[in-house]
Structures are given as structure tokens and as C-alpha cells.
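Here you go, one structure.
Chain naming follows the written order as A, B, C and D, and within any one chain the residues start at number 1.
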Amino acid sequence: MPVRDNVEIGLNRFARRGYDLDEVSIVPSRRTRDHDDVSTAWQIDAFRFDIPLVTSPSDAVVSPATAVAVGQAGGLGVLNAEGLWARYDDPTDVLRRLRQAAGPDSGPPTALLQEVYAEPVKADLIAARIKEMRESGVTTAVRVSPQHTVSLAPTVLAAGVDLLVIQGTIVSAEHVTTTGEALNLKEFIADLDVPVIVGGAADYQTALHLMRTGAAGVIVGVGADSWSTADAVMGIRVPLASAIADAAAARRDYLDETGGRYVHVIANGRIETSGAIARALACGADAVQLGEPLRVAAEAPGGGVWWDSVAAHPRLPRGGTSAPVEPRGSLADVLNGSAESADGRTNLFGALRRTMAKTGYQNLKEFQRVDLVLGGNGAAVAGPGHLVG
Amino acid sequence: MPVRDNVEIGLNRFARRGYDLDEVSIVPSRRTRDHDDVSTAWQIDAFRFDIPLVTSPSDAVVSPATAVAVGQAGGLGVLNAEGLWARYDDPTDVLRRLRQAAGPDSGPPTALLQEVYAEPVKADLIAARIKEMRESGVTTAVRVSPQHTVSLAPTVLAAGVDLLVIQGTIVSAEHVTTTGEALNLKEFIADLDVPVIVGGAADYQTALHLMRTGAAGVIVGVGADSWSTADAVMGIRVPLASAIADAAAARRDYLDETGGRYVHVIANGRIETSGAIARALACGADAVQLGEPLRVAAEAPGGGVWWDSVAAHPRLPRGGTSAPVEPRGSLADVLNGSAESADGRTNLFGALRRTMAKTGYQNLKEFQRVDLVLGGNGAAVAGPGHLVG
Amino acid sequence: MPVRDNVEIGLNRFARRGYDLDEVSIVPSRRTRDHDDVSTAWQIDAFRFDIPLVTSPSDAVVSPATAVAVGQAGGLGVLNAEGLWARYDDPTDVLRRLRQAAGPDSGPPTALLQEVYAEPVKADLIAARIKEMRESGVTTAVRVSPQHTVSLAPTVLAAGVDLLVIQGTIVSAEHVTTTGEALNLKEFIADLDVPVIVGGAADYQTALHLMRTGAAGVIVGVGADSWSTADAVMGIRVPLASAIADAAAARRDYLDETGGRYVHVIANGRIETSGAIARALACGADAVQLGEPLRVAAEAPGGGVWWDSVAAHPRLPRGGTSAPVEPRGSLADVLNGSAESADGRTNLFGALRRTMAKTGYQNLKEFQRVDLVLGGNGAAVAGPGHLVG
Amino acid sequence: MPVRDNVEIGLNRFARRGYDLDEVSIVPSRRTRDHDDVSTAWQIDAFRFDIPLVTSPSDAVVSPATAVAVGQAGGLGVLNAEGLWARYDDPTDVLRRLRQAAGPDSGPPTALLQEVYAEPVKADLIAARIKEMRESGVTTAVRVSPQHTVSLAPTVLAAGVDLLVIQGTIVSAEHVTTTGEALNLKEFIADLDVPVIVGGAADYQTALHLMRTGAAGVIVGVGADSWSTADAVMGIRVPLASAIADAAAARRDYLDETGGRYVHVIANGRIETSGAIARALACGADAVQLGEPLRVAAEAPGGGVWWDSVAAHPRLPRGGTSAPVEPRGSLADVLNGSAESADGRTNLFGALRRTMAKTGYQNLKEFQRVDLVLGGNGAAVAGPGHLVG
């Protein structure tokens, strides 16, 4: 196993130095290119997308309808098969309650999330949601947790998803249990007809092991958006730039080991601006998984409020919830429209195209080689100017 | 003596680079495990605990009654034998005065602390408190300062404590004095029948020397909670991750030197969340000493206010006092109950169990080998969400 | 190509460590000098200046009249040939609208900037502005963008500028296009009679390539003032101290390669105080390009408001706008007058002269060798004192 | 010349890494000691002091009367021979004007400082002030600037000072001038009968050269208190821990080169708490020069307001002024009295004594060898507790 720089934090106790996305940035060098000549296309298995976007399976931003809208805008929408749409016939009222429980400076209370997610998941609702998405003609994907993959998979597959996303905060290819009921990812995936995206993983080794399960894509990162408290609650932190680069190394080694199987690396965690998207891809990701940035879309089911699914955990919630924001345009505007402000929160993929042009790269695979710089003033949000609106 | 990385801060003047707990974090890697299969048990000498918790001997959080409650919840409560319970027949009024002197944004004034701690310590009160705790059946421990160990020990031992904690901000095995009255730790401990926990120590050498006194456990850290001003007042700072790892190295070397005596390393200092507990153990500690985190328990004698004993020093106080917080549940809830918020302040040891499960470790000793990462965004408290309540 | 220190951020993925201007500072060492014996003179091609100042081509600070005032104060004013003065017969009303749209804590909205810059550029207005500046007798310079250089150059040259500034946020000597209409900088400059300043560049290689086009000066930096959001929008950041030093290395190598052609390095980006000017020159720059610092001059066309031209981009604005500040004196006062406050915002070049004296250097070329220190408290703006006024 | 670690900030451009006092701290190790057995005594030339304190020559904290009070409390008070007491028969009114011009959150305006310091210095007033101080029996010292040393020295020496302090922000042993009137420090000091303290110096070489002039003490640091804007105005910054250690190396080398002349290193700059005093001495200083910390004394002439002399510079002020603070006790209390709060602002030298005891050192010379650690949470001012009062 290759090993990155190790720091001796105490006598004979070492820690790898990790870097977060906001510590690195892109250096223009040598060449520029017309931005009309740049492609942001991404293809995984048989599915092709105009933009390298996978959504987080958060009920705050993905309903069946918005999953379709994401597909129509060029990305991949992922509905949570264990979320509110799988628990309630019509979750509109629940979503409204959550929205109304938010104050101007605070999101809905954790206890309310815990309450509404206590409603059981129903198989027929999952099937109905998948059907609704399929009928639109977009590529269809849902997320299941590793714990419920075995029980929910038959429903999900029968309903006809194109891609299956098996996602927990932390997933390994080797789950030890004394009850003997754990999911064997390798056997499970080998038997499937649809490609699987699996994660999150946090290091080279876990990423490599997940690739060896036969997955088409591996999610890197533990879903740690800005509201995540994985650090405070569990002492777990994943410096994402390093984790992406390590997973990209696993992709390279696995490609070599298999003589040509290319498993996609999908970056997840605190990617909130177009600049962060560009940096994640520059570090070696093939696509990004976005949740919170989509809440500014007018169609967002949460009405501008944000919560990640782990924020609703019944015994150990690991994320806060956000106060609502005003909509900034349609989902299509947020992803590809002209920006009316300069904060990197709209025209997310138009900005990516321009970054690629300004650094002279034609496609995403080449762009993974762009020069990086570590350090510098990270004024992600600028001074006392007019940024929003 | 082994030496960690040294930095030349000026010509021929070196400083070791030290790391604090919030600079490191835990990396999940490769394996996961059912959290029901994980044990957080800790045993020191003949005493076994369900959770690796020793309380700080602060009157703000430990009365005889709460020491018993801690014991019943699986940890070790330590009463201060030089605190208010040893100075007043009934300290209830004093505690109420301190609580009422706190404002919404400020704790009780230093001068008031100095006043109430000017009342002399009474031997008979110490004996009575120990008796009260013993009768509950939990493991009984009190703390004495190095200065008063010789005079108070007979009382304490006669009253029948199970474990004796000799704790000052900084304790060495070699105290130089011209008055000739200093405690000789080695001789003192050799003559005792009860096991001793001693500290705080800040480096490899002091930890090793304290181990050689025959102590069963060594406290690492100088009690520097977030209200400590040891840095401003004395220029002293103990980057705790490094100090723990150094003390763990001393434990290893002492184990080898004695052919098998295992002295426990107990980490103390700014450990305020379940995440910090996990990190301290991951750096090599056998247990953690917690004070301030217990003030959110409904039973906390200080009523939500916090002060460390050094904040009451008559001539050179080295700590502030905190404004009160609202209770977050019973002591048992805070330690092991389900969390209704995501800030790492409740279900402290349930969270530890989950971290161990997500990283695949079965017991605390194995968990000391978990992978660590240095760096990354340390958003210990998350964004503008709903975290408390 | 020489390579600076590389950090392995992940397995086999490297990033150069870059330093910003505020991370370095100047160390007085050994010698001091009378400040009357110090010269801040700068000469590029046949043009000599008392102070090493090139203005940013921002309409907020440069009108034809202020360009003349800058020239009379000893520097080089650069008018934007694609700015408001080239779009409106009399932009006074437009400037007033922008000023009035600013609130006490916010600058004019991005949408308003986009609106007023939608008015087309007119060749006759450009010619008239250049004529007005020429008549004052100062050295005359205008800025064109790389995209419009071919179309605007005939007008600009016919009107008789002394220096042509070709400036975009990022400019390369090798622009790839499939439409075949790109500017070939090398051919274009070879055919010109006037010297050209070109940029911005962000690394050694781009700077070297731009020097090889025949330019007289290369701008280093991507115009990232404090209101820039290049980082949030594009993931691009240029740690300026490193970029300047790299460009200075390119200057040295190009000097050697040509046997004596000295191309000037002009630093651009978040240079806001006299201290930052000194640091930029100390890192190897021959001159600094200043925009925002000039807005405190009574003559500033924006009336104290600041925006960089990229803030008005129709589809992807990359900068905010500032709330207005009170004037601090005339342009001459700001550049060379006595300071009535201690914040490094007035007497910009008098302060430079004093720094050179306190470190014992007689002229700018020697001063590029001054000792630097990395680190230290960067209290660029001091404590709760009286700094402004 | 020895060279500390160099960082390549850009190609072939290097900067030494410097550390500030608040980046290092003291590590207790191995031994402790009774604090009654510790001595903080300091002796320079024939003069012995109980505490290693030299005051800054700031009118905000030093009048003839307070210089005497400092002497009586065990330190060395230094009056500014070019300050208000040398410009006005009775500066009481001027001091009151400055105090009254301060608001609750701001100090007196720079322009007012410039105005009151425009009054000329009078030789007879200097003589009278020195006489007043001499009569009290304390060691007497005044400060002159390098520029006025030649003209003021006869007056000062005739009046009978014990120690002469020649201090500017930056002083070198080699001042280059074309007017030929510069002070030759070496010749000047050789001819003097009284010992000289000279500075500030910022690096090894300048310190060594100043030692070779025959000075008894060298001041390290450029007077950069928290209100200093040397960084913003001049781009100059002196990471003090490194500068002290470098100067201590010069002291060692000069001691060797002369076969035994020991020149004292006096640290100056942002030393505001007892913790910072301990750190400065631990880095190698023999004494500290304090200004701002003394303004909390009831006797402070500025009435709680603070300004350094460079804040009054007529053309290039380089420091702000502070809002007033409430007095915290007498000068003797601030230096040696019991502390009633925990912020390191009172009992400054009692705290130093305790730090020395907790780390086992008996005198200041031994204490210069104490272990240092780099890093750690620098919570110089603690959490939301009750710290002041």
C-alpha cells in the first residue's frame, strides 16, 4: 500500500497530513482555450451526462420531480429510497412542517427530524417513485443504505432503476458482524444487472476494496457538508482533496490490476461553490455529489432549508440543519444559467467550463492533470461587497 | 530519551512541534463492525468500568451524589478532598451563591471564588463524604493536591477510598525544596495499600518518572479546559495529542523496563465532545478525565456553571468561569443516552462506541492503533443550523 | 523548467506550496540609510516614473482626468478602453447611479453593473479619451482585452498611446481556438511601434512565454483584489508572493536567454497598503498595479465605491463591489502626501521610501534583494485604536 | 553568519521562517521547585533589579513619577527625553486632552498626537526631569532617538543618568548618509562613561553589530505592540521568538569573540501578559521591555489610554492609539501583587516566578534553557467566562 507523508505527532505515533479542498487551488499555466471548445461530459457505464453531477440523496433537495429536473439539466438525480418519499404517500405536509419549524437563523429542530423519519419505509411507495422518474425518460437512480440493501433491493430492482447507489456515511467492503446478517457487497454486486455506485470511503485502501467489489463508481467522503458534525460527534474528518487524490490512485492501481476496469471516483463533502467543484475534479474526481448547493433552486423540496439524512439519526444525529435561503433561480439556472451574482453559487457548471478554458483543458479527464497550488488567501466569499442578488 | 521532531525557531534554539486534539482526527479504513459487538470497558488495578471515564475533581460537576451517579453510569467519579464539600458542612448555599453571581454571559467573579475557597478544609468532612460515597457501593476516589497529600492522606485512607488521585496542575516526581517538607511520591506510594492516579504531566520524561513512582495511572495534561488561562498567565501550553502519544510511549517503555507493569494514561484537557474523547483514546490514552462536559447534566452541583479548581487560586488564578448552560438531560443521558442534538455533547460514550464500530475496532486497546489524519476543516460546531435542542 | 517545493497532497498528486504577500515580510538588517538618499524611480522602455505605480484599468478609480493626475503624481495611469468612458459620451450619470445604488454596507448590485456595461464600446470615444490624456503631457496608456485587441488596436494606436496594456484576468501566449480568430500575441507585438504590457500571468512558464512575445512588461496576478471571487467561482487562486518570485525568475532566465532584454514584472492583486507595496517589490516586482487603494482619493470617479472590471461580466461575474469610503485626501496626498493616520492607506510611496531607508537600500533594483521573513503576526490593521482620520 | 531554516517562496527567492511569541510555549518537564526558592533578579552593568523589567519610553505609561515607582517596584523605568515631559513645562493638560479625545472604543486621533508632539523639545526640561528622578534614589534612565543622540547627549549626561537608552524603531550600527551627520555609535559609546542600551534590532547580524559598539544591552524588536501598524505601513514584521533566539545566538558568539563580554538582550514587542513575559525570557531574553501592559496601573500618566511614540510621527505614523481601560490596581500590584483575575494582566512577575517554579528553574539564566513547544491552542484569552475583575 502506498503511503503519503506521515507526521510524528508524538513518539512513534504517526498521522498522515491531509488537505481539504479549500487549501488547494488551480493554477492557470501556459495555455488558454475558447470555452465553447470545452466539454464537461461524463459517462459512467452506459450512461452519459452533460455535466459531472450526482445529487446527494437528501430529501431537502431531491424529490422525484427534482430528480427528473436534474436529469433534464444534464446530471444524475438520486432519490433516497429510505427518505420521506418512501415513508409518506404525500410528504408535502411533512416538508412544509419542517420548513415552517425553521427560524430566520435556524433550521428545523433535530427532534422534529427524528420524529418524521420514525415513520416506516414502504416498498410500494419506493416502486411508485421509481416508476414516476422512469416515465420522464431520464436516467434513474435511488440510494439505499448498506443496512437495508438486502431487504430493499428486490423492490428497487423490480421497479427498474438504471443505477443503484449504496451509500452510508462510512462503508467498507469488509463488515464484521457476529449476527451473520451483513451485506456481502462483492457477492451482491456480482449478481446484479445494474451498475452500482457505493460509498462513502475515506482512504486509498477502502476505495480500492470497494472497487474490487465490482462497483462502477465509488463515493469518496463521508457526506460532511458544512452542517455535518461528524468531527464533533465521532472525531472523524476527511480532508477531501487528499482523499480524492488517494482514491484516484486506487483507481489507477485497480485499472492496472484488472487490465482496464475504470471505476469512477465521485467526490462528496463540503463542495458548495463552482470553485469547489473545479477543485474536486482537479484533484482527480470524475464527478461530484452535490446536495446543499441545490437548495437555492426554486424547485428544492425543502424550500431552501438543508439537512443531510444523517441529521435525522434516531440515536446519534451527526449533522445540523440550515436556516432557509431565498431561491436564486430554477435548477437549470443554478446548474447552467447566467450568474447574476459573483459568489460561485449559480451557473455552477458554466463556471467549471470557463475554468477549464482558462487553463487550456478540453475535457474532464485531461483536466485532472491541471497544476495545483497549496496555500494562498482563500477568500471564498469576498469583502463587504454586494454578492447576493 | 526519544525525541520528536524539533524545529529551530531561532539560531540553535529548538522547540518540539506539538499537536492539539483538534488538529488530528480519525480515519475510517477498510473494515466496519456492528456496534453491538464493541466494548468500551476499562479496567485499572482491580477496578472495572463500562466506560473509560474519570471525572475532574471540580466542585462544579462532582458532589458525593454525582460521584455515585457517575459510578452507576459506568465511570469513576472523583471528589475533590480539598473542595467545597470538604470546607462546608453543607455547601448548598455556597453553590447557590456562585450560581447566582453568574450572568447570562459571564460566570461567577474570580474574587467570589477566592472568597468561598478561603474557608479551611476539615478532615471530618472529608471522612464523611467518603463514607457517603462508599455506602452506595460504587468505586470511590478522591483527589488531594501534592502539597496536602501528606497531611490529608491518613484521613482519606482511614475513610476507605478505593483509589487515590494526587493531582495538581503540574506534578513532577522530583520536587526540589529548601524547606525539606516536600512529598516524596515514590516512598509515599510504595507504602500505600490503595492504587494511586497521579498528574498532570506534560511530556514523556515526566510521565515516565511518575510511572516509576509506582502509580497505577498517570494524568496527562495540565487541566487546561477552554476557560483555562495557563497560557496567558504562565506561558504554558500542552498540545494534548502529542502529550498523550508521548505518555503512551513512556507507558510502552516502562512496560518493557519492568517486564510487564502497565500504567494507565488518562488524558485531561479541553476534551469537550464525544469526538474529542474518541481522538484522545485514538492518540493512545486509556481513559479520559472530563469536567466541563458534565455540567450539562441535570444533577451538576454548579447548576450549569463551570470552574476548574485552579480558577479559585488565592494569588494567581489561572482559569475563568463559565456562564450557565441549560441542562441537557440526566448524567446517564449525557454519558450514554440517545442524543437529541448533533453537537457531540450528549451520548458521549454511545458515540465513542459507534466510532469504534465504523472503524472496525472491538475494544479500546485495539482502537489505540486506529489511523489518524492531521489537518482538515475542524468544524467542531457546525454552521448556522439547529444544534442545541 | 525549475520547480518549487512540491507537496504530495494525495498519492502521487502534487501541489506547489504558494505564499501570499501577507505571509512574508521585510526584515531590516545591518544597515540603515537617510531616506532623502533613496530613489523610488522606475523606467520601462523610454518612459521614466518617479514611483513604480501602474493603475488598474478600473472605471471606479481611473477616468481620463485621474489618469492625468496619476501621471502628474509620478505614476502611470491606465484607462480602460473597454470601460464606461468608451461606452458613454458622458458617463457621469452612470457613475452617479452606481454610487447611489451602494448602501452604507454594500456596493452597487452586480445586475446594475451588468446593465450599464451592456452599452457597446465606441471607437470614437476611445480616440477622444486618449486625445484628452495626451494633451496633458503625461505618459498615456490604455488597456484592451485580449479578445478585442485586434479590433480596437487600430483606433488606439492611431490616437497615439505611449504604452498599450493588453490585460485579461488570465492571458496566455498560446490561446487554442477552433474558430481561428485568436490573437497571436507574438506577431501582434512584433508589428507594433509602442511597447506593450501584457497579463495577467500566474506562473513561471506563462510569464516566460509572455516575455518571449516581445512585451516590455508582464503583469503577474489575476486581478484578485479583496472583492475578487475568482476562488469561489473558478477555483483559481494565485499566492502572489510566490507568483512574483517565479516571474522574477523568468525575467532572469529570459535576460540570460536574450543576452540582455529586461522585461518588467508588474504585480497585481490585493496590494492595498504601503506595506503590501513594499513586500511586492521585495519579492521581485519592478512595479505594482493598484486599483482599490486609489478609491480613497477625492478625485476617484466611483466616489469611493470599488469594482474591478470582471465584476461586470455578463454571464460569470467574478468580483463583488464595495460600499463607499470617505475620501482621505487628493490623489497626490494618497500617493505621496503626509499621512494623518497609521493604516498604510495614505502616503503610499513615502512609506515605501522609508522602508527602503530603514533597510539601507538606495533604489528599487537593489531593494529586490532585501531579506524576507515568513510568518509572524500579520496585524495588518491594528487593535481597537484610532486608525482612520 | 549562521542561517536559520530557509523556505523557497518562489524560484530562487528565499525567506526565513520566523515564529512569534504566541506560537511557542513552555513545557514543564521532570522537576518542580518551591516558588519561594526562585529568583527573578536581573543585573546589567552595575545595576541590579528584582525583576527583569525595562519600561518602554512611552508618555502613556512613563512620567518621572511612574519611572520612580517602577524603580521602587524592582524594575527600570525609562523616560522619553523627547516626549511630552521634555516639551511642556507641565504636560498635565496635554495628557488630559489626549485622554478626553478618546472615546469608549477609540483612542485619541493621530492628528491630535501629531499636534501636541509638534512642540519643540527643551534641554532644560530634560535636565529637570532627570534631576527629579535621581533624587528618589532609583536607577535613572532616559531614552533618546538615534537622530538626536548627538545633540541631546550632553544635556542628558550632565544631568546624571545612570543608563542611556538609544532607541528608534530600527537602529543599525551602520547608518549610511550623504550629509555626513550620522551618529557613529561605536565612537559615541566608547567615549561615554554610562552604559548604553541600544535598539531595536531585528536579526542576528544587526544585534551582533550593535553588541560590537560596546553597548551593555541590545533591544530586540521594533516596538510592534498590538496597535503597531509597521506591517501595514512598511511591510516590516519581526516574529519575536525567532528574533530573540537569534539575538541570544549573537550574544553567545560575541561572548566567545570577546572572551567574556556579556551583552544583555532585551525583548520588545507585543509582550502583554505574564505568559508572554515568561515565553520571551524562555526564548533567550535577559529582560523584557514593557509599555502597554503598564497602562492598567492607576498611576499611568495616560489614564489608561495607550500610544507608542511612533504613533505621533509627523509624516508617517506607524501605530494606532487605544481606548482607555479601567485601572487594575497600583503599579506595584500590576507588577507583583496578588491577582484578582485570571487574564495574565496582573501580578506579572509573580506569575513569572511561579512558571519558573513549576518548571524547576532557580534563576533567569537557567530558565533560558527551559523546553519549548511549538503549536497548540493559543487561547491567550479564555472562553466566555469572567476574566476581568
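Here is the rule we go by: contacts are C-beta pairs under 8 Å (C-beta built on N, C-alpha and C of every residue); 3 or more make two chains touch, one makes a residue touch a chain.
Source: prediction; values computed, not measured.
Asker: Work out which chains are contact partners of both chain C and chain D.
Answerer: none
Asker: Copies chain A, chain B: same or different interface, half of numbers shared as the threshold?
Answerer: different
Asker: Among the chains, which one keeps its Cα centre farthest from the Cα centre of chain D?
Answerer: Of all chains, A has its centre farthest from that of chain D.
Asker: What rotation angle superposes the Cα atoms of chain A onto chain C, in degrees to the nearest 5?
Answerer: 90
Asker: Based only on mean CA positions, could you tell me how far chain A sits from chain B in angstrom?
Answerer: 39
Asker: When the C-alpha atoms of chain B and chain C are each averaged to a single point, how far apart are the two points in Å?
Answerer: Chain centroid spacing, chain B to chain C, equals 55 Å.
Asker: Which positions in chain C are in touch with at least two other chains?
Answerer: 19, 242
Asker: Looking at which chains touch which, would you call it a line, ring, star, complete or other?
Answerer: ring
Asker: Sort out which chains touch which and give me every pair.
Answerer: Inter-chain contacts occur between A-B, A-C, B-D, C-D.
Asker: Which residues of chain D touch chain B in their complex?
Answerer: Within the complex, chain D contacts chain B at residues 2, 4-5, 19, 24-34, 36-37, 204, 241-246, 248-249, 252, 273-279, 282-284, 338-344, 347, 350-351, 354-355, 358, 360, 371-387, 389.
Asker: Over in the complex, which chain C residues touch chain A? Could you list them?
Answerer: Within the complex, chain C contacts chain A at residues 7-20, 22-23, 102, 105-111, 114, 169-179, 182, 202-203, 205-206, 209, 222, 226-239, 242, 270, 307, 311, 314-323.
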